[in-house]
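Lettered A, B, C, D, E and F in written order, each chain numbered from 1.
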């Protein structure tokens, strides 16, 4: 499936921490590490594992801009 | 201000497109370009300009994971 | 790409309204019509057109529950 | 209360799974099942129960479009 | 309809600015002014007008914390 | 860092409840109490504590409008 979300950042999963219902998946996207909070069910359904290639996907309306 | 959002990706603004109320700001974060949809008012208040250093900021709960 | 978002509702596009930067795409998912606000650029990149089959995709953390 | 969110899909709750702080509520909206991640406190305040009629409510800006 | 969103802040609409597809509605919630970006269609359907009592409604997972 | 999010409501933290991965932080913003769901890691990184001054920060596109 192709998706309308404007941001698809390729990287590699560096850690997966499952909670009671919510998991935190961290992806190294070439220097920066992006943290994602998804359901445990999604981790299982996609068969996510540390070391695997994956994408951080973000809808443009969920991206803010910061300046120093 | 320091903020709870887990993801703060440093980059440089490559384009700003203002709409009627919503602007699209694109930031090069080291190869990848991230698109952000924010209010025109935010663009003005922060004084954003092309070429400027800025951050793409994303809350962890707004990051999805994709796999091929 | 397979994605972690828990909700992928199949339907057919009934209308596309482009604004200055933001488009509204409406999908009939079997009786109910779902409205999506995405970028004009996404509409163009995906080549969306009325009558086309498409999915409304929503992350679980973006779904609220209402009761009468 | 009437709310600006464009998407209110009527259905019936098929499961409620409480975590430590976050609950997953699944609603059958006529064939498709929608997963919602809300606070445990919201589940209690609304008195949600399996088998109950309820709505999945989603803001238009949180709906993405996917195509095959 | 009662809704799972944890945050319902009562106030009064101080301005409505319609764009091509997206409107900005500002509500004074007792000193602070909250800005909301919703669809023009939602403004029309709810019959929103300046001076009217209204609520700013936010899902808990969309609230970040900042500190100085 | 200054951020594009339009809504920064100053208040005082009244409670912090950590879950397995997700924490709920409640801030009194002058009468109303706002609930935020953030990662446990963010609570630790910002050193949040009850009684502390803090801000509830919300992007305009995450604010809905309700009317009676």
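Everything below uses one rule, namely that a residue touches a chain if its C-beta (ideal position, glycine included) is under 8 Å from a C-beta of that chain, and two chains touch if they have at least 3 such contacts.
Quick caveat: nothing in here was measured; it's all calculated off a predicted structure.
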Neighbouring chains common to chain C and chain F, by label: A, B, D, E
Remotest chain, chain C as reference, centres from CA atoms: F
Which listed pair, B-C, E-F or D-E, duplicates the contacts of B-E in over half of its pairs: B-C
Rounded Å distance between chain B and chain D, as computed from the means of their C-alpha atoms: 29
Gap in Å, rounded to a whole number, between the CA centres of chain C and chain A: 21
Whole-Å gap separating chain A and chain D, where each centre is the average of the chain's CA atoms: 22
Mean-CA-position distance for chain B and chain A (Å): 17
Multi-partner residues of chain E (each touching 2 or more other chains): 1-6, 8, 19-22, 24, 35-39, 41-42, 46, 55, 57, 59-62, 64-68
Chains grouped in pairs wherever the two touch, ordered by label: A-B, A-C, A-D, A-F, B-C, B-E, B-F, C-D, C-E, D-E, D-F, E-F
Interface residues, chain B side, partner chain E - complex: 1-5, 19-22, 39, 41, 59, 61
Partner chain C, residues of chain A touching it in the complex: 1-6, 8, 36-39, 41-43, 45-46, 55, 57, 59-61
Sites on chain A touched by chain B in the complex: 3, 5-10, 24-25, 27, 29-32, 34-38, 42, 46-48, 52-68
Of chain E, residues touching chain B in the complex: 17-24, 35, 37, 61-62, 64-68
